[in-house]
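The structure is given below, and queries will be raised subsequently.
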Amino acid sequence: MDAILFLLFAAIAVACGINLVVQTHPISSALSLIGVMASLAVLYLLLGAEFMAAAQMIVYAGAIMVLFVFTIMLLNAGAEQRKGKSIIAKVLGVPALIAFLGLVSFLIQSLLPRSEEVKFGAFTGGTAQAIGKKLFTEYLLPFEVTSVLILVAILGAVVLARKEI
Amino acid sequence: MPTSVPLNWYLILSAILFGLGIAGFVFRRNIITVFMSIELMLNAVNLSFISFSYQLRHVDGHIFSFFVMVVAAAEAAVGLAIILTVFKNRATLAIDDVSSMKN
Amino acid sequence: MEFIIISLVKAAVVAAVLLTLAAYLVWIERKVLAHIQLRVGPYRVGPNGLLQPLADLIKLVTKEGVMPAQVNKFYYLLAPFLAVALALVSISVIPFGTQIEVFGIKTYMGLADVNIGLLVILAVSAVSVYAIALGGWASNNKYALLGGLRSAAQMISYELPMSLAIASPLLMANTLSLREVAESQAGFYFGFLPKWYIFQMPMPQVIAFAVFLIAGFAETNRVPFDLPEAENELVAGFHTEYSSTCFAAFFTAEYVNMVTISALATHLFLGGWNPIFPEPVAGLIPVLIFLAAAAALFFHGLNNVSTRPWDKYTFPVVGVVALGVAGIFALAFLPLPEPLSAIANALHPLFWFGVKVGAILFLFIWVRGTLPRFRFDQLMKFAWTFLFPVAIVQLLATALMVALVK
Amino acid sequence: MNLLNLVLALPLAGFLVTLVLPKNNANVIRLFALILSLAVFVLSLGLAAPFHETGNGNWFVTDVPWIQSPEIRYHVGLDGLSLWLVLLSTLLTPVSILVSWKYIDRRVKEFYAFLLLLEFGLIGVFVAWDLFLFYVFWEVSLVPMYFLIGVWGHERRIYAAVKFFLYTMAGSVLMLAAIIFLYNKAGTFDYVNLVDLLQRGRLVLTSQEQLLLFLAFFVAFAIKVPLFPLHTWLPDAHVEAPTAGSIMLAAVMLKMGCYGLVRFCLPMFPQAAHRCQSWIVILAIIGIIYGALVAMVQPNMKKLVAYSSVSHLGFVVLGVFSFTQNGLDGAVYQMLNHGISTGALFMLVGYLYERTHSLEIKDYGGVSTPAPLLATVFLITMLASIGLPTLNNFVGEYLVLQGSAAVNFNWTIAAAVGVILSACYMLWLYQRVFVGETNKSLSHHHPFLDMNGRELAAALPLVVLMVWMGVYTKTFLPMVSAANQRIIEQSKTGVETLVETQGGKRIAELRELVHGR
Amino acid sequence: MQHLWLIPLLPLAGFLINGLIGKRLPNFPVSVIAVASVALSFGWVLKTLSALGPLETAHVEHYYTWFQSGTLNVGVDLAVDRLTAVMLLVVTGVGLLIHIYAIGYMAHEGGYYRFFSYMNLFMFFMLTLVLGANFLLMFVGWEGVGLCSYLLIGFYTLKKSAGDAAKKAFIVNRIGDFGFSLAMFLVVVNFGSLDFQKVFDAVRPMPVEQSAGLLTAIALLFFVGATGKSAQVPLYVWLPDAMEGPTPVSALIHAATMVTAGVYMTARASVIFERSPMAMDVVAVVGVVTAAMAATIGITQFDIKKVFAYSTVSQLGYMFIACGAGAFSAGIYHLVTHAFFKALLFLGAGSVIHALGGEQDLRHMGGLMKKIPITFGVLACAWLAISGVPGFSGFYSKDEILMAAHHSSPWIYWVGVVTAGMTAFYVSRAMFLCFFGSYRGHHHPHESPFVMWGPLGVLAVLSVIGGWCFNVPHYLAPMFPLAEGAHDETLVYISVAFGLGGIALAFLMYVVSPGIPDVIANALGPIYRLVYHKYLVDELYGAVIVSPLVNGSRALLWRFMDAGLIDGIVNGTATMSRTVGGVLRLFQSGSIRSYAAWVTVGCVVLLMVLGVMAGGVQ
């Protein structure tokens, strides 16, 4: 059952990924990215990371991608013109990419041969309580730092996006 | 069909997504798409984080990916603001036109 | 395998109940608004307009779907579908009652008993923004685009205070599963005060409840915050270009969301399916209510005014139905064989849950009738400068009290 | 508040006060600077008193903790070696102030302020007994000179100033590294303890370490001396510097390098010094001959004198690295003589420049007819600088050569050639500038005047000193040789062990050197 | 305590007074101060010599330690012994006469006070040289005298040739001093001190060195100093040019006193020279070569002062022959007599030039016997003395030297005798060209005043009776034991014969038939021209040493080495860093895609490396 789910959502994710790269219009690539995120959320659930799945949907798909979609809509940028798409990139790029992926997967396969099966429910550590406990004890400092980071990002965004400066 | 899947496949999936992210990042012309492929790469990394935390049976991987998410949010906010201003000044989103930093 | 069959059955039941409820909600809204505005509202179709929703449904479905020219077809159609799908998904997580034992199968009165129910709801509400945004953008109409963006912005802004408001009762309930939240509110203080979170001792969640409601109104684009469909400014907001079925989809999505929000409110703050009155009285109340309803109906039906001759027949029929329901509720008191009494006991929590949801829905409609509309910047300023801080302070206060008590 | 701290503090106070003085009234500033520097000079004469009674030993020592965490002490003292160098700098500051009376008209205030700061730095360098304090003063003296060259110099002054600064800085950074390394190893910056630890073997440096430390110190001082390959900054710095700058640079700043060699290189790293002796001496000899030869062909007067000081200071290094009593005495005495004679030479070249605004020799000729007094003073100074007996350089040169003869006679032959060459270029200069018909271009600005009272007042003390140091060395030499005696003792320890470790002919030579003269 | 210091200090006082305030005084007081200081010094010398009586041993007086470093202690101490006495008498005596003569000669020259102050300074240094009790004080005098010769040769500052000659004189002297100082260093290194007594006591017990040892090295280095100062073969070039100075200067410095310093030093250090036969041979050979060569050049010169300058060089050659042969006292004896007649010759020539208003070329003179008879009479005495006519002083001292030379190595004797003949020839040539025949100049000669011919008279008397009156070898016997040997009469006759032959030949060629010299000159052709141009030695030195040194150091050392190499390296590093910066700049192309590409490549490479490493770890 898990295998089916994994294969299904992995396929969706890869399809959306390719769609992201191939599509000309940014809105479609944005939505395909949301598709990738949703499928990843499901995979997280498979891996027992409930909180992360929810967070993925809320933060990533819900907030960040909304920003992207907003920007694309506001800017109303048309589809990419196909001028001068360098042939080299096409000829050289794609096979290179495939070779790269092959290499990496071979590396992973060889480096971690004895990896164990992934069963749903085998590891239920990813609950909100566990993450909460760890986050506010062991990782308090990074938490505070990222909060400052976000504050700075907000200020930056506000200042940049304001019309009259 | 085997009932479950070895962890490697998750890692391979994350590698594939990462590769797609790189492809997008390198080949696409539109800034927003490039930006999105970066987000894709970050997602791929999150996936590998969580799959490793599954393997190691502790929750640190989740917290790392949580922080990645937070940073990605911050980055997206500022990045998009910049793209807006770029668009406002240059009226184009093609990445090659935005090269005033050339020396 | 058996699990799948049960869930399918439950899904069918819930979907049917929900959709009809959504349709009749439209009816109730138009009736209540009318009475607020001292007019009668729909009473032509069926007894006192009861069949009006059916009529609307048929109208919408049969209308011709007008598709504007340069519209982005795929997204134009995706948007309404997405809206309805997401609305229904969020309902699936909400439980209606306690565990019931029927035909030997123990199952929960809710479609899916998920231990992170709230997170799912939050996730779905986060994603539902796209439906509206896409809708507005795909219809290639300036007003639609503006409407879509405004509503998306509004929903995002109010999502924050809502999730904070949700977080504070969770602090007290110390669980994310709605069923456990509801169960944790059983029992009474000093015999008469029900242990709902708005009354629960360490920190009564009254403010959180208020914030949640306000945010709820905004989430569903309801009156004070229904800027996107504001007729006078943005024509019909994001669904200006939509006609028949797509429009219907948006419409149902809106009302289903309303139901979801009110159900959530009852679970989190008003004690879910726990009875309002202490035990001995609790059992009688439903019977009495329905008997009173039946009496009212018979009275109206008989000494009716001449203008609507066939009311004489329709009203008593409805009265008889009410009587039947009162009888069912009365069954709990009679010593009956196992399956029947189990059903009877299960109905009580359902009744109380329905009463509370109805009350909140009435509140939605009531507010729509009375409050004027927010201007967009007021709306945003209200969210960020007032609601959000209040929610945070409330959350911190709860956390403090909970920590102190423990 | 003993005399030495007073002498050290006054120039600094002067520097601060001049900065505060009103900007427009130049004469007030000049007068103040002159009076202050004269006061410092008179006070510094007092420093010599105890030395005359006892002849040696350290005097006016103040040892006060300055910084706690890296234990740095304000440890200041005076011994025979640094006494006369301090007096040299206190003497030459009023002289340079007098010299630049009319010469400097732009930014007068800053000029005199920098001059006083320079004097403060220089005195500090010679009296500092704490390595870190020494390094601080070394840098303090560097900065004003950079400005003196950079602001009031001639056309290519920026290039010259930067080159001067970079050269010295590169060297001093090496030295700083060595000082810090020593601090880590010994735990103290104090020179006296360090030498004491090294002598008694409590602080043992491996031969490799000692060699590196020695080289670090040596390079810093060699650049300042300047020794042969590292000397190219000197001619540029001199040509571009104003007269006062040249005098202070040539007369005192170059001595910082030689002083460093004697004070730090020899006693602290005796084995390394002995191992490097041969190639250093060869460099010095090359410096002597190379300096003299290149000086011969210089078209520019100041460059000629600059190369001549490269040649003269080659003698000093030769004397220092002969490790003999004569050599060292000669070297230190030569440092003083060179300060006086080259200082005077630059002053006179400055006077010539003031009259014709040109340093090229071809623009001059027959100056002795319009300015006989200038000619005679220049003649005396020139004779002093080529080492005419009864004048000051001769004693120093003789002792240096005598010292080097005791070690290796070939060195002496090669170095003595320098004496001949120095006569050649100096006389050729004198002949082209002063003798023969007067060059018309001399007086086309305004009539070529002879030395006026002020100029003579600046030159006279130097001429008197030249004769005094040449004829009656007893007032100056005993203290120096006493201090050198101690340094030679210190530089002998540990050389025995070195002798065993190094095989072949070298052993005989070294043993003979150590036990011989 | 004879206060020997007064002897040198008096002229120094004269120098200081004239130097500082002479400018404002009229000529007469300046000359009075100058002459008085030398006269007093001469008087003090006589007083001390008479007070000290027979100076069997040296009388040393120590005043203060000049400088003391480690074991080396150099004191300012003066000493007098028989040799010093002779030198003192010669220096102060002849000096006094020349000072008196100079009053007249320099009467109407500019810078009168400057001349006399320099002359007094010269006397001070010469006396220090002579009186010095250690090598260093002698060296002080040695260099001081060199300085004064520089100042006095370059006295006519306006004449460029005078300046050059002065510079040349000083530098050549400096080369000589270089040798002298090296010798001193060896002495100190080996004997620990510079005092004559200590050094000679240490040297006496040492055996005579067969091969080239320490003493030979010291002796040779001292001799290099001597050649520099006394103008011997390699370093004689400066003396002829020194004639640029006023004639009294030539007389005092380049005839009587300074040039003899070399001989005095050799005599003083005779202890060392005697113990190194090799050095003695070198001295002798150099002496003989100088004498011969100078004599040949003297014959061809037309400038009267140049003739006498070469004659001085040749006579000095004779003195060194004596020293080389071991007869130091003969050398000193010839030094004394030579001082008299050479000073006389120069001063006579001076009065001739004075008479002819500065004319120095023999070809423009002639027939002056009648016009300036006194000068002719006085010069005649000197002429006869120098030609070695028996009875005159020159004969006695020259024969002593020739006897000693014959005793040590006969071939030197024969060359010496021939040179004596040549000496007689060129002096008489000069006399005949100057005083006999008809007057070829266009001045109207007038006799010089008493103040000039007075001292000439005294010198004439001295050069006549000087020979047998002052029997110097006898006086110096205790210091330099006389060589017994048979006093072979025949050698004397041969030398006299050569002398008289020389005079006769000159008389024949220049008086009887003036045409012959030109005929011979053309006949000898190239040889004559070579000799006339002083064997082109100056040009040789110029080409071999001076110009390569100067141009070489300009092109090679300064341009290439300093500016090119060292500065090149320094500036090179600066430009190199800028170029590297330039290359790196190209990476910032501004196009984000290229950045992206480079980032990716970087990641891939990193991945590879990790893979390999991880692979390795596995």
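Letters A, B, C, D and E mark the chains in the order given here, with residues in each chain numbered from 1 onward.
By our rule, a contact is a pair of C-beta atoms (placed from the backbone, for glycine too) under 8 Å apart; a residue touches a chain by one contact, two chains touch by 3 or more.
Just so we're clear, the structure is a prediction, and the values are computed from it rather than from any experiment.
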Where subunit A and subunit D overlap in contact partners, by chain label: E
Number of hops, subunit B to subunit D, where each hop joins two touching chains: 2
Relative to subunit D, chain with the most remote C-alpha centre: C
Remotest chain, subunit A as reference, centres from CA atoms: E
Central chain (distance from its CA mean to the mean of all protein CA atoms): D
A-B against A-C, pair bridged by the larger set of C-beta contacts: A-B
Distance between chain centroids, defined by C-alpha means - subunit A, subunit C (Å): 33
Subunit A and subunit E: spacing of chain centres that average the CA atoms, whole Å: 102
Between subunit C and subunit D, centroid-to-centroid distance (C-alpha), Å: 97
Pairs of chains found to touch, sorted by chain label: A-B, A-C, A-E, B-E, D-E
Complex contact set, residues of subunit B against subunit E: 22, 25-26, 34, 95-96, 98-103
Subunit C contact footprint on subunit A (complex, rising order): 27, 31, 34, 41, 50-51, 54, 57-58, 61-63, 65-66, 69-70, 73-74, 127-128
For the subunit E and subunit B complex, residues of the former touching the latter: 585, 588-593, 596-597, 600, 603
Interface residues, subunit E side, partner subunit D - complex: 64-72, 136, 139-140, 143-144, 147, 150, 154, 157-158, 160, 163-164, 166-167, 170-171, 174-175, 177-178, 181-182, 185-186, 188-189, 549-550, 552-554, 557-558, 561-562, 566-567, 570
Touching residues (chain side subunit E, partner subunit A) in the complex: 604, 607, 611, 614-615, 618
